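Per-chain residue numbering starts at 1, and chain names A, B, C, D, E and F are given in the order in which the chains are listed.
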Amino acid sequence: MEDKKLSDLLEVFLTVQISKELPRQGFLYSGFKRNEADSVAAHSFSVALFSYLLAKELKASGWKIDPDKTLKIGLFHDLGETITGDIGTYAKDLARGVFDKVEKEAFELLTRNMTNKEEFVEYFDEYLKLNSIEAQVVKFADALDAFVQGFNTPSANLEDLRKTVGNRLKKKIKDALLAELFDKSVYLIGERKVTVYKGHIGSNQEKQSIL
Amino acid sequence: MEDKKLSDLLEVFLTVQISKELPRQGFLYSGFKRNEADSVAAHSFSVALFSYLLAKELKASGWKIDPDKTLKIGLFHDLGETITGDIGTYAKDLARGVFDKVEKEAFELLTRNMTNKEEFVEYFDEYLKLNSIEAQVVKFADALDAFVQGFNTPSANLEDLRKTVGNRLKKKIKDALLAELFDKSVYLIGERKVTVYKGHIGSNQEKQSIL
Amino acid sequence: MEDKKLSDLLEVFLTVQISKELPRQGFLYSGFKRNEADSVAAHSFSVALFSYLLAKELKASGWKIDPDKTLKIGLFHDLGETITGDIGTYAKDLARGVFDKVEKEAFELLTRNMTNKEEFVEYFDEYLKLNSIEAQVVKFADALDAFVQGFNTPSANLEDLRKTVGNRLKKKIKDALLAELFDKSVYLIGERKVTVYKGHIGSNQEKQSIL
Amino acid sequence: MEDKKLSDLLEVFLTVQISKELPRQGFLYSGFKRNEADSVAAHSFSVALFSYLLAKELKASGWKIDPDKTLKIGLFHDLGETITGDIGTYAKDLARGVFDKVEKEAFELLTRNMTNKEEFVEYFDEYLKLNSIEAQVVKFADALDAFVQGFNTPSANLEDLRKTVGNRLKKKIKDALLAELFDKSVYLIGERKVTVYKGHIGSNQEKQSIL
Amino acid sequence: MEDKKLSDLLEVFLTVQISKELPRQGFLYSGFKRNEADSVAAHSFSVALFSYLLAKELKASGWKIDPDKTLKIGLFHDLGETITGDIGTYAKDLARGVFDKVEKEAFELLTRNMTNKEEFVEYFDEYLKLNSIEAQVVKFADALDAFVQGFNTPSANLEDLRKTVGNRLKKKIKDALLAELFDKSVYLIGERKVTVYKGHIGSNQEKQSIL
Amino acid sequence: MEDKKLSDLLEVFLTVQISKELPRQGFLYSGFKRNEADSVAAHSFSVALFSYLLAKELKASGWKIDPDKTLKIGLFHDLGETITGDIGTYAKDLARGVFDKVEKEAFELLTRNMTNKEEFVEYFDEYLKLNSIEAQVVKFADALDAFVQGFNTPSANLEDLRKTVGNRLKKKIKDALLAELFDKSVYLIGERKVTVYKGHIGSNQEKQSIL
């Protein structure tokens, strides 16, 4: 690898560091304190991981889905924000049409010197369009992660969040089976029917406690 | 997908949320304030992304490497910590032999109900063993991310960090070319020879500023 | 005052609370940790206060300026952000033309039920246009506050900040004398020629210490 | 403006920066975590803004009140704390008589080199005495802001806060109509009868959600 | 005192500073945000103080107990963590046998150059063994402090905490009377039957409010 | 122990919890960000521990000193602040005479129902008077802890801190040998001649690194 290439790669790496500090601004509008909002980076990790695991299970149950592609869409889905910042829905709504362009342009700017930039932009674009099952799985993870973050934060307005998350998804997840899985997930978590592992409590009970 | 499977999947998802709050404890020992340390989740995102991009460039320059596998190793490389917590090097040294087992056991516990658990454990194990080029690229990203985090944090003891990062790597990256790339990366960043994109400063200058 | 009016007023009050938690996002792009960035509310206070004090001194030295109006422009200058969020310069640049409209629209939305909304919108508009000396004094305060915030934060890239602040101002403060005062202020603070009062250190030394 | 005057002005500006970091200490005693308490600066902004808007509405409904003066009292009302720090009610009670003097002295010290210092001290003094309607409107805003901050913070003891805020006000707001407006405000907010604008949720619903 | 001794002493002092930043990691696993967890140092202070006060009262009621020794055990009880970090129960369980050794070894390392190191290690060891009434009083304080920290933090799962604290204690406090006092304490606090002094609320009411 | 006594004891315990969240306000005036200041509880722990260890070494070198008493003075030395809050030097100076009384009164209030309250008040009083060698050792620890906290925090004005700490001590530590030890300690730490143990770096190097 040439020095110029390494340098280009490091530029992306350093630029992306901002995502560790950027709060997910939308949560502040739902009543979170600044330190209660997760970072864009932490959210992206959670989304990438869950998207991949869900895709693997769907594939194992016979769905036609590419888990590796799903993972890469999840990894990239919020990268534009490292350049544009996290822009609120209100501003986006008012400036609609302009914004999808802005986010994509930012992503292209970030990755402009990568040898495989066309492939990367394709993943990003697929998420903006939400036509493939892979992109919809990432949207599923994106929304569920927001819901869980709210569920774990007492200053959140949970009812508000549930509605927002629900409404947003209805428009976006066109696959009916996937939409149903999402509703089930919100129900299972919301009703505390899912157990959580807690490393600090001890290894002797397998399912140690409800969230 | 059966309900039981969904429930199992959500257990992993909820358990992993802790990684958003877990500080990378090692940084505290290097003099960071609690809020200056990044989270295990944010670090994992940065590592997964950089590992993948580096693997893609290496492959483009003719290296024999599997970028998708690299990405998955990066995604999983710190997942054991969501159950064991971030255990310091000192404690690990004293209890050596015991700890690799503990981390792997924790990872297996976390993923025990996933249909593809064997595949996942293989990725994790590969990182522990560091024999493949893919695993070594993730280790590269892991160390470089620690270095950059320190570089961006004034209360860090930079000299200390540089030495620690350097020493740790020497033992771990067996591929000579990769080790050389790592040294170059630390040099380029440390000497501020890499530019960073800053979305808040304006779009009219392409390379806006040195870190 | 009618109940409907009180209720409308409280809506503004509650909506504006978000400004206490919103970090000034631009600082994150200059390398600040999340908790090192001040809030939109704290910044607005600092700007309103300094704008007013500066206007009072300018008037006392014979300038033609309305301090009360200056104060009100300072008070309102970032209120649009309580609805749009803090949008980065990059995104603004890409979507230019769209954004001034968005900010003003947001301000109008926030104040739509206030009896004196026309007066308020005029203040806001005056700041967007920067034609009056009062608006330019607020812009002066806005930029100086950013500079001082950076000056007090070790993870800031000071050289970067100085340049950014300087460049931004040159385009905006058309009054030559005011621009000169700004440069002098940056010099005096940057070279640590201004003393600061420190309540915790004791009352016996009048000028206790350099910043 | 002479250089000496500019320098004096900047001293005030730099000294006041501390207010961005000072937590409203009283909230910690009500059970808030350190980062849940707002800063003295953010509180001052919220109070100045609401005081002004309320005064404007009162005047529009025929009250005899000077909104500009109200705004300036609001702007200055906590400035003494930038030098004395936020001193608790208990300590104030024990040292009563001494403390009003201390706060006023601190304010005078801070503004001692301002050309219009007498005018400024008058505003501050008016707030300490609470005889004018303008000062009482600021006290109203001061108490309501504390109530809302508590309302938005789950670790607050709300019942406690409501009582404290209520008791404090009864002694202080002598104007019966104003006191009634205050009670109504606490009721409307406490019973969640006021809507809030949330920029991140979307622009299509005018009244998007209850707090 | 020789220079070498002073230097050795300062090494301990500087090393222990980390405890001010180390979050009590276990709380993160109970759902706390990072800044809601107290520090190892703050916890240690609370435990040392309460252990001492409880021992003094027990002695005053006729128990055979050494309050000074109790205090010193409380002071030292978590000092090993300044070197090992806070290791979760899960990891400890898996590596049991190994860990008690690690903690004690870390404590010995920290104090290795102190003239009275044998005495100090004895205190530490006594806490690990929990055979004396003094050590059990410290364990009482350790568990009660965790319970109260949870009680004051809304994102805690209180039921979970109560159970965890209860279970942990049952195995550890062998003295039946002491165990009974502990249960009573959890009951009194949990049912809000204990008053708290709040310095910011005023000195005129002796028992100002329930927690 | 009677129920009433337990309840009284728990009141002290719950009241003292505030010290975990109270920032050492003085640091904010030295330019610290809010989260860079340690808590009153963490500081108290550090002071109590160091006071005790220093007293033990002094005694071992032949000084006439009671380490257990020193420890108890250290434990109690800032307890008044849990009721009065942390009051700045400026305010204290202006209200001098009044304040020592306030702090002592607050301590008496806090401990009023403890069986051994007279003994406790004696320790507290001894610290206010600074006549004994034990009290002066605690003052030593109190000042050194402030210096080290500043030393570890880049936004601190170190020169300022060194002077402040130095000046404050000169007036207070009357014992000449102790004063000399203090100066030596500041020198050793300030010139980075003391090593620190860092648990995350590894156990194989005994003196791992300079602060």
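Here is the rule we go by: a contact is a pair of C-beta atoms (placed from the backbone, for glycine too) under 8 Å apart; a residue touches a chain by one contact, two chains touch by 3 or more.
Note that the coordinates shown come from a computational prediction; the quantities given were computed from them, not determined experimentally.
Identification of common neighbours of chain A and chain D yields C, E. Considering every other chain in turn, the ones in contact with both chain D and chain F prove to be C, E. Over half of the residue numbers at the interface between copies chain A and chain C are found on both sides, making the touching surfaces mostly the same. Of the pairs listed in A-D, D-F or D-E, the one whose interface repeats that of B-E, with over half of its contact pairs matching by residue number, is D-F. A centroid comparison over C-alpha atoms places B as the chain most distant from chain D. With centres defined as mean CA coordinates, chain F is found 39 Å away from chain B.
With centres taken as mean Cα positions, chain B sits 19 Å from chain A.
Centre-to-centre, using mean CA coordinates, chain C is 46 Å away from chain E.
Multi-chain contact residues, meaning those touching two or more other chains, occur in chain A at positions 18, 25, 28-29, 33-35, 39, 83-85, 88, 90-91, 94, 106, 152, 154-155, 198-200, 203, 211. Taken together, the touching pairs give a contact graph of some other shape, not a line, ring, star or complete one.
Which chains touch which is summed up as A-B, A-C, A-D, A-E, B-C, B-E, B-F, C-D, C-F, D-E, D-F, E-F.
On the chain A side of its complex with chain D, the touching residues are 25-26, 28-31, 33-35, 88-91, 93-94, 154-155, 157, 160, 164. Note for the complex: chain D touches chain A at residues 35-36, 152-155, 198-204, 209-211. Taken together, the chain A residues at the contact with chain C in this complex read 18, 21-23, 25, 28-29, 32-35, 39, 83-88, 90-91, 94-95, 98-99, 101-102, 105-106.
Chain E makes touch with chain F in their complex at residues 1-3, 5-7, 9-20, 35, 38-39, 41-46, 48-50, 52-54, 56-58, 60-61, 68, 71-72, 75, 79, 82-85, 106, 109-110, 114-116, 144, 148-149, 152, 181, 184-185, 188-189, 193-200, 203, 211.
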